[in-house]
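Heads up, the next two complexes both have chain A, just with different partners, chain B and then chain C.
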Partner chain A sequence: MAGLSEPYNESFLPLIQKYYSLEAIAREPWHSDTILFLPSKNQMFIENGGAESIATSIYLSLLNLNHEIRYVKNVNEMSPSGKGPLLKCGKYSIGEFEPIVNFCNLKGYRLLANYLDNSKKTEIKSYILLIQKAFSETIEYLLWKNNSVQKVIKESFNQNYSWPLNHILYLNEFYFNRNKLVSNKIWNLEKLEVLEKFRETNDCLNKKLEGSLYLIGNNMTEADILLFSYLKVLHLYSDFDETLNLLHDFRNINDFYANMSRKLQNILMEKLELN
Partner chain B sequence: MSTTINFKRVKSYVKSIDITGIERTDDDYLKKHIGTELFKSTNFEELLEKSADIRSRLLKLGCFKTVDIIVDADQSEKSIKSYKVLIEVEEQGAIGGGIHTSIGNNEGSVSSSLHMPNIFGKGERLSAEYTYGTRNHTDYRMTYTTPIDQNPDKHFSVSGFRSSNDLSWSKYKQNDSGVTVDIMTPFEILFKNKYEIKGTHIVTFEGTWRHLLSYMDSAFEVREQNGHSLKSSIKYTNLIDRRDHLALPTKGGFLKTSAEIAGLGGDVKFFRYNSDYQYTKTILKYFTTQLTFSNGFITPLKSGEKISIIDKFFLGGPLSLRGFTNRGAGPQSEECSLGNDAYWIAGAHLYTPLPFLHKNTKLNWLKTHSFVNIGNILSLNQIKQVINDQNVNNLINNTRLSVGTGLVIGFGNIARLELNYVWPLWKLNSDKVLNGMQFGVGINFN
Partner chain C sequence: MNREENQINYSSKDEFILYVWPGEWDLPTLDPECLTIMSYLKFAQVQHKVQIVDKAWDLFKNPLPRMTYKQKVYIGIDQIVDCIKKKKNVDLLLNEKNYPDMIALLCLFKQKFIPAFNSLCWLDEDNTYTVTRRAYGKNLRFPLSILKVKMIAEDIRNSIMCQYRSSHVQPTLLDAYIFGYLSILIKAPFVNSPLKNHAVACSNLCSIITRIQKENFPQDKKNLEKDTQQLKFLNWFKFLSLKNWIKSSDSSTNGTAPKFSDIEEWEKRRQQIIACTLALSAMIIYAFAIGFIRVNFITTDVEIIEKN
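After this line comes the complex of A and B, so read on.
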């Protein structure tokens, strides 16, 4: 690794190292025809509301890394990790937010906050994990345990696949998520218990944001982008209103969201067509 | 002293037909296939011929292991012209099964099967089969077959299947689950009132859920096609096969054409045509010559729609365009064969017995083999451009040609094995060629 830009999370290296040369990744410039594949718009809702897709596009835009956004129905299947979004940069195909961040780091592109010392980098990674776990588990619970949402989910499968494949793939997805939530000991909890856990995590985040614009230090980090993207998703879909209402009392989080919204307004409008 | 009896002059008639050994087969079904013609026999030769016909008809039903016909004098009648016919049958077991190995296109496989013949007494058959191939190919299949109109030559069958294939030349795996419904009927054409041509019409409906999964290091052109698709198609196949051997014929022609339209439901929509021709003739007693030709094209039903790599055509391999690796001719990206919309391939072959062993008929399964293969694989746009420009140079420049010589072995009446030394003479830079020894096993060849 000597001489190479250190990626933000080294756990990403073994997978990519198996197939690609890290030196080659670092050496090659950013390709002008880079494409960021996101789930089709009617699928976005079931992919955690598209939080990681929003976060990835914001991240690339903040680094001024040009990328065309393309919405496809098979982004999860296209992604080497089995989850979207997928970045195609030259001959490399990188799936999911965190590996994409690491890929950019390896090429020498990083947010200012990434020049922090190692302990701060570990802190960023910890916050990313915390946000991913707390928000994605809650959203997945609300999506798959809630019978009234199933109609919307089924409709998105109907729009993308013909009968009877739409039913088969819906059931596949339902049981996959159900089993995941069961193994994470979430599925059998009452809704109030899940929301309480979510509230506790946000309480911590709220305290962390006390007197600060960002979670870590004075500059925006990947953790801030991810937190903002999840908050954006809660604002976008009325099915998550109950969750959003829990955050009303957390003034620091609300200020954080308002501040980030102002800063990222152009990116959201131009790249993702989100208000 | 020897005497010759002319059975035609021996008057005889059938008084009764007795059948023994029937347990499950339906009486009416059996009566229909035995018929009444035996009772119309007027002489002993006719009686024997009709008995033999009945025996072969009954065996064809697939309900019986053995059929024996005994013609005996009818003791109850005073007339010596009166005979009774006893048909002794042994029915197939209620459940059968087995394990066997087979050779497909460059792949060996082992299959285990379980079948229930004559399940409802009228020639119906239910079978379940599991196949495992050496190239990570697996196939589970359950098939129900029944004769149409109680005619064993006409079949209706329904299959449910689940299969998995590893297409390493294009770096993807394909998992299919689905249903096929086949109707198979024979036909006869009298050509110029002289040549009788027998063949088979096959109409197939297919509904398949297909899941394509690329390798980690696949080209992006393959990766972007990952995912699920649903194909619902109807296909018509016309088959005429007059060869004396499937793998190593010495005479006869073969013609197979098929046209498939997908898009009756599902999200896969195309029209696909394919045909294979072969003509084989032996000259000067030992020299077998053979001409082969195959072609095909696929087009989307709506312009602008993409054709999946699963449905495209590929060219190259030890039994098709020799001198090229499997799927080696045609567009490639990062070591992945991408396939194309249309192809044609022709071959001229000469087979001879091994030198100095030409009189040894036991070695008919082993021959020397010399060949020329020529072919091309194109996109529909390339063809359109050739038509628009009225310039065939592009077409000729892309044509591939190879020559070679070697040995060919016919396995049973199914597969053939070839070991050839090959020279690919015309090739494109992007092609994956194989200059030297090439080994191949398979069923279909060009």
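After this line comes the complex of A and C, so read on.
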């Protein structure tokens, strides 16, 4: 993939092969002053409800990797990939959930499931992408194509930035998200069609969870963490109630959510101050 | 499950008619999306008719792949697949556990492979001008070809900036996608392609593609005849060329060269001949115009001759 143009180097490994030596990363121990930058709390809502931020923090806590959480206004501008959350570990700064997972794996920190079965890697990766696509597209559609939510978003920009900047940044963000949804052929769909797509994906996940506690195998993987954090976000904000209503019939997903929230309650309370 | 048992017959009124781009590189169509849908329809064992669109204006104006069914028009992969699924769902043949895996792998393929493939075809300048643009532009007439190809490239650039066949017996939408994109990647003569080298190295993928092509899209006889005619012409041309006399020993070993490069060379030669004839005719016209060549018609008076 070395010869491809810049946007394809979105996952962490190709990027790192280009700029850093893999051995050097693997050799260095985990820094004690590692910082995880998350978007500020009133900005979280715009960033897909902060699902990836929650997932990253849970992932690092599960691996017992010490990290300090700092809420800042400009994570997206700080991050090399243009999106938060941002992990600053020693001289490396890595943005987004999946690249951070790859970075930790490179250093030898993995969840138990990765040790037990190496062949499941592709499966985990494809489920991460499936969950990311289905949930983030639906949430983005509900955020940016709904007039009442737009008022809330504008308000949050007004709180964070002073006069001309708040309008400029809001329009910038709006057009970026609109173009993204247009190119994914989501923007021009009716709300019911988008929700139907979302329901189909969740039907798949529901089938996959049949008779087991986790998505892949008998151990918790990155895909489970991501799915849980997206479900948590849907429970946190009342604007996504329609999507939650769709999930009522999926017994396996609801059981999964209840089980995971029982297990991760401490982490959520201590690190992210979420109930 | 026996394939023939699944065959569904419809009356000719309710036939699916699929409109696709014309073929290229030994494939039934040159567009990956069209190829994906064609193979999916074959997998689904749905009776359908494939209509190759070869009118320049139609190609320019209407997006492809397009399907008409019961006087309704479906455009793009998603709409067509939704429509076919209502009639007959191939994916339902998978069991409860395999279906989510297939969806997840399809998602991986769509998000990781297709953008890379599109950038290879449309954003890498060497490939775009020598392979992709030429193939798409060949079927459109001059001003339309430039406009349409630009539009496609622009669409792909926008979508990019913003953002194996599986273990079961029955082929699915995933297989259709893999065949649609990878076959073009492997068959098209890309100049610069790290992706192609990677794909060719995967022997399992290559064998799937050749098998799917053999099973579902056997080559047309007409095309084969055309190819043999081209080859005859090329051999005749080679016989005339000086290289043949000088390196006669080399040519004997090259006699069994693959058919594919021969056809490519034939196209090159054809272009050279057209260029030569154009240049010659221009020179002759110029020579006439400035009076360098003159043709005098000598008229003899027939009556005088008769009298004498």
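Just so it is clear, the second predicted complex is superposed on the first by the 260 of 275 C-alpha atoms of A that agree within 3 Å, B and C clash if a C-alpha of one lies under 4 Å from a C-alpha of the other, contacts with A are read in each partner's own complex, and residues count from 1 in each chain.
Keep this in mind: a contact is a pair of C-beta atoms (placed from the backbone, for glycine too) under 8 Å apart; a residue touches a chain by one contact, two chains touch by 3 or more.
This is a predicted model, so every value here is computed, not measured.
Looking at the shared chain after the overlay, A:Lys125 reaches chain C, while chain B stays out of its contact range. After overlaying the two complexes on the shared chain, residue contacts for A:Lys185 are found with chain C alone; chain B is out of touch.
In the superposition on chain A, A:Leu227 contacts neither chain B nor chain C. When the shared chain is aligned, chain C comes close enough to touch A:Thr201, but chain B does not. In the superposition on chain A, the chain among chain B and chain C reaching more residues of chain A is C.
Judged by the touch definition given at the top, the superposed model places A:Ser93 against chain B, while chain C stays out of reach. Residue ranges on chain A touching chain C, taken from their complex, read 1-5, 7-8, 122-123, 125-127, 129-130, 133, 176, 179-180, 182-185, 201, 204-205, 207-208, 210.
Within the complex, the chain A residues that touch chain B are 18-19, 72-74, 77-78, 80, 88, 91, 93, 161-165, 168-169. The touching residues of chain B, counted against chain A in their complex, run 209, 212-213, 216-217, 220, 223-224, 226-230, 265-267, 334.
Residues of chain C touching chain A in their complex: 76, 78, 96-97, 99-101, 103-105, 107-108, 111-112, 115-116, 119-120, 123, 158-163, 192, 194-195.
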